[in-house]
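Structure incoming, see below.
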Amino acid sequence: MENSFDVIIIGGGIIGSSIAYQLSKMGRKVVILEKDRLACQASSAAAGMLAAQAEIEQDGPLFQMALKSRAMFPTLSSELFEYTGIDIELVNKGMLKIAETEEIASIVHKQVTFQRKWDPAITWLDKKELLELEPSLSPSISGAMFLPNDGHVQPANLSRAYAQAAAYFGTEIREYTEVVSINYENGQVKGVNTSHGVIHGEQVVVATGAWAAKLMRESGLEINVYPVKGECFSVRPEKPVINTTIFSDKRCYLVPKRNGEIYIGATMIEHTFDQTVTPRGIASLIERATQLVPELNEAPWERVWSGIRPQTGDGMPYIGEHPSWKGLYVAAGHFRNGILLGPITGKLVADLLAERLLDRTLLSAFHLERHEETVV
Amino acid sequence: MENSFDVIIIGGGIIGSSIAYQLSKMGRKVVILEKDRLACQASSAAAGMLAAQAEIEQDGPLFQMALKSRAMFPTLSSELFEYTGIDIELVNKGMLKIAETEEIASIVHKQVTFQRKWDPAITWLDKKELLELEPSLSPSISGAMFLPNDGHVQPANLSRAYAQAAAYFGTEIREYTEVVSINYENGQVKGVNTSHGVIHGEQVVVATGAWAAKLMRESGLEINVYPVKGECFSVRPEKPVINTTIFSDKRCYLVPKRNGEIYIGATMIEHTFDQTVTPRGIASLIERATQLVPELNEAPWERVWSGIRPQTGDGMPYIGEHPSWKGLYVAAGHFRNGILLGPITGKLVADLLAERLLDRTLLSAFHLERHEETVV
Amino acid sequence: MENSFDVIIIGGGIIGSSIAYQLSKMGRKVVILEKDRLACQASSAAAGMLAAQAEIEQDGPLFQMALKSRAMFPTLSSELFEYTGIDIELVNKGMLKIAETEEIASIVHKQVTFQRKWDPAITWLDKKELLELEPSLSPSISGAMFLPNDGHVQPANLSRAYAQAAAYFGTEIREYTEVVSINYENGQVKGVNTSHGVIHGEQVVVATGAWAAKLMRESGLEINVYPVKGECFSVRPEKPVINTTIFSDKRCYLVPKRNGEIYIGATMIEHTFDQTVTPRGIASLIERATQLVPELNEAPWERVWSGIRPQTGDGMPYIGEHPSWKGLYVAAGHFRNGILLGPITGKLVADLLAERLLDRTLLSAFHLERHEETVV
Amino acid sequence: MENSFDVIIIGGGIIGSSIAYQLSKMGRKVVILEKDRLACQASSAAAGMLAAQAEIEQDGPLFQMALKSRAMFPTLSSELFEYTGIDIELVNKGMLKIAETEEIASIVHKQVTFQRKWDPAITWLDKKELLELEPSLSPSISGAMFLPNDGHVQPANLSRAYAQAAAYFGTEIREYTEVVSINYENGQVKGVNTSHGVIHGEQVVVATGAWAAKLMRESGLEINVYPVKGECFSVRPEKPVINTTIFSDKRCYLVPKRNGEIYIGATMIEHTFDQTVTPRGIASLIERATQLVPELNEAPWERVWSGIRPQTGDGMPYIGEHPSWKGLYVAAGHFRNGILLGPITGKLVADLLAERLLDRTLLSAFHLERHEETVV
């Protein structure tokens, strides 16, 4: 078994697989080390919303990255299907950001003005227009921002397609392989020790989401990544209920997937790696979802699940090189935006490692040593 | 393939299998015809409570049958295990009938007096005694009737064990075999037409639960059996939460099963064969269950399911022979008591068919022609 | 509840839903009656191959229908997505009809000549060309016919999308509603009796697949439709294994689906409605599949399932009106081609009912009274 | 949250939970740290055979431990049910060790003589006697050793019952809590660092099965524990097929469980933590199982699964204290006998930690420093 690579990527989720894909397309010799199965954590549990403009409410590096990443999806969808036969199920039917009360409506109204700078197709819908578009919504809702270009994908398919496309270009995938420690000599990373022996390589990327802090701590660097559990459930109506993604004040979203399921998410339980779904979580989701769309009360139940999302102290991911261990990189902490930001993160990190990244301005906001400024 | 039998039983649920077991033990040549898989409907969906005295609140034929049937379980458990290796998971840790308010407490108190006639071990527990027995119960509960002899079994195992034990004594089991019509000549049943051809036999038992009315209608007899959907969910706590079965005012029960799951049931949706589980149903179960035992809010979610229970106009099962078609029998309509009443029903019907039933008093309340008196 | 319709469709599988869609688009008032859930039988169990030219080896009405139906898929895919948001996952990566030995190669070679009349893009690939296209195939294979235009869809999604699109145009969908008998007066159908009461309508379509013969028998017509169980399993490789659909001599096919699963099917067990999957069936599928693609031996196991396909005496579906009961129609018996033939069947039957079918030549081969000529 | 304990147990499988139960019954303050969910690895995947005499073929410490442990089950079963309501599903219907050929028969015959020293109820059954006991066995089998006292339990239930009973006596259970490193000062263990912070305690037990070597390596001790994957599948016949456990030459066993399933296991794939089930593994299990019991070919398929068992260089578990880190203990490497040996291991380790273990002879064979002598 080959044990020497140009780049070792720790973590087989959306971020790691996206980086591997970009690097192997450049001809780099890459290995992905995944302690369980590919995409077995947050990357599969996500709802897959590409909520660039519905979720991020102010300009800045994260917002700019989100816009850039969202723009990559149409091409990516064809490209990955070509290489792997996997369909990422890109849907561009738009998103509604619901204003449940008149009070929220005035806030959302301002958002419309702001977001239209970036996408003039965004509009405000009053109650009447809203019910014309989505007749199943509760008539008690005041209105909504309509974002026709915020869509969604099938997150597990996206992750798997990235990994298979990486494999197509030569990436080696090793599942059930846990990294125990990182090898380091004279200021330079030399490889990793795994549950299956040593692997050599002078570039190592830690892309282990909510589990990233532990491995970095061994290198003497504290990054403030912490877990936030999100519980979800889904129904599968036999008749069409909603067409667009419904997004309400970050506390509840409804995503109509291409197989006919509607995903309903998600709770936020901070500082736990515990993945159990609880009656409390499910009851709160049902309450919120049926306030938005009352007829979901009668929709056929499908399943429940949860995921552990990597939040950070200041809400921005960590992307960059270790300040003193040359060759050690982190790409983690994308919280609820891992699917949306996966493509651009893969591109930026690959360019960074290949020394092709001319403009590092965008990444400067995500550097690894900013923890001292953060307040959790 | 043999196509002539002494007795043809239509329906492979708990009732049909129990009858088949008793008849084949007597040496009769029996076939069970099941349109899908054995025990695939209410018999598997049940919680398996043997709530003889918690559920039935007044004396009468149903109550007497329930007491008799409950008394059969200990012996039955050993017997079925001996013949089949299947454990029906009989638990005799008792049941609590909860009085949530002072008002209900006074009603339940009277029940204690009544039920003690039949089982002097039954007692009233005030709030303090109750919390000593089950510390996880909500302190807002007023008290409870404690029925130390009402237990529970694993219903799917009970049904499968009955069927396998029947097979052990020679019963032929035919799954995926639907009965289309019943053959009849000169006042005497002659067999049935099935999706796999004709089967001959001069005794036919209709034991198809909520689906019984349709087949009987063809014989000119209207029996008032109708479907009532019950939705359930379960959790699997990692620490013990409750020991006894908790039974509250028929609207909610919690059954701690022998594999560590707690079953939480059940809604009641009348007049539907639709088996989908709905968010409305699940939300109402969570609300009720966590009012009784608040820490269930955090218990790990396991699964949801539903079943279609056969209710009747007057709440009593139909057990007996057709008034004019000789050889045609019904045993259906046990509603929420099919598991509890399965053993005695099997015994009574087998004795009836074998002309060994000396005292028919008990069965007279369940005869098939009482529909004209009922008001739904 | 409304109980009078223009057209009553019995059966909520691919055939019934496709007919309902076409009729409701024409403005007819339609109801679908399904005894369980929509698409719960063969329509969900199918692999979804659109094997117009790989499976049908000679010209004739079935072949012509297959070509016409296949041509409908691209437009249909967009149309259904538009109305329902469901993606039928149409893949057009081609199909390989494998010639495992030199002997079979000479037969397949002749097929190439024949099929090229209808699609000049079809070619013969010798061993070397074949392994270039699909390097995972066993080197012992002699060659293959490559059909670049035979693809596949996700069958459950296709069925659900048809039903939802029908609902969008006003079709009423009633699940868990079983038809007991058909009402008929003076040579004219008048409606049906169901488990939920009478429904009126002067056009009734029986689209119940392998279960169609029973209902027709009551109208005095014997149609020779019988059940053939097909067992399947699937794997989900983490690296791409095959791109095209692999089809070998009708005994085994491998279909790489858009979610990364590879479906492997299917056994053929005649004259049974029993849907259990058996070790014998699974062992035979593994053996055949790994002879074709040896590395499937190590692919991660996903799941097993089965379906009951409606075969007929002469291998052709029954589509047409009852000879004496006016208003009673059948569309059943599509065997392994229900997904492929669903679109054209829907169109033809809708036109037939609406009296818009100008040319009935194509349907004449499928008329309902041809049973006397068939030998099973 | 309390963070100081008498004993910290790493690993929530059968071994860790059994130790916790014994220690907390003695009044020690115990915490179980489990990186995922309790019993989520080999402890749930096991078939649960208590094959003390069928599997171990010569006298010695392992054999003596196995006999002692098996003898604990009847009492344990009542005890755990009393404290937790969970039934470990102990079955004592005996085991058959099959001799497939005449050649193997002569070897098994000698085993009968040897094993009868420990249990005079053990007998040799020739072909005729064997088929009388188990008529479904293949008539090509030469004979079998019958061990009437080797039974089985439900392994997941046993593990959960141990953990819940430990919790009943005060053990704290922390799931989703990974131990990163062990704290050590001046020759004495001081606690552990976890993904949720530091936990203090002067006795730490490593009970992490196949994952034990890694954690011990950090303490400077190499123990030769390595993973062996075992794949299994199950069927659920509707009629009784076998009553006893069938055990053939270690390559295949059939265990009829108390819920009616028959477990069929297990492959042995060394040196992998990869838990995927493969077509190769399933095909080999089907082949072996149907050679023993041909009618399993037609039994209804239920499910597949796998587990990672902890094998050691010399086939014996590691149980004992670290040679230089005072307070650090290991109990791991029980391979296919973890369920059988769980009770005695729990008792011995608890006594060892509590300094109540008077006779250490038995444990001396399992000490931690024997790796230098082993050849893998």
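Just a few scattered comments:
Letters A, B, C and D mark the chains as written, and numbering starts fresh at 1 in each.
Please note the rule applied: a contact is a pair of C-beta atoms (placed from the backbone, for glycine too) under 8 Å apart; a residue touches a chain by one contact, two chains touch by 3 or more.
Source: prediction; values computed, not measured.
The chains that touch both subunit A and subunit B are C, D. Counting C-beta pairs in contact across A-D and across B-D shows that the higher total falls to B-D.
When chain centres are defined as mean Cα coordinates, A lies farthest from subunit B.
With centres taken as mean Cα positions, subunit D sits 48 Å from subunit C.
Centre-to-centre separation between subunit A and subunit D, using Cα means, comes to 40 Å.
The distance from the centre of subunit B to the centre of subunit D, with each centre set as the mean of the Cα atoms, comes to 38 Å. Subunit C has residues 37, 175, 276, 300 in contact with two or more other chains.
Interface residues of subunit D, counted against subunit C in their complex, comprise 233, 235, 276-280, 282-283, 286-287, 289-290, 296-301, 304.
By the touch criterion stated above, subunit D contacts subunit B in their complex at residues 37-38, 81, 83-87, 89, 91, 93, 154, 156-157, 160-161, 163-164, 167-168, 173, 175, 238-240, 243, 256, 258-260, 300.
Contact residues on subunit B toward subunit C in their complex (touch as defined above): 37, 175-178, 180, 195-196, 211, 214, 272-276.
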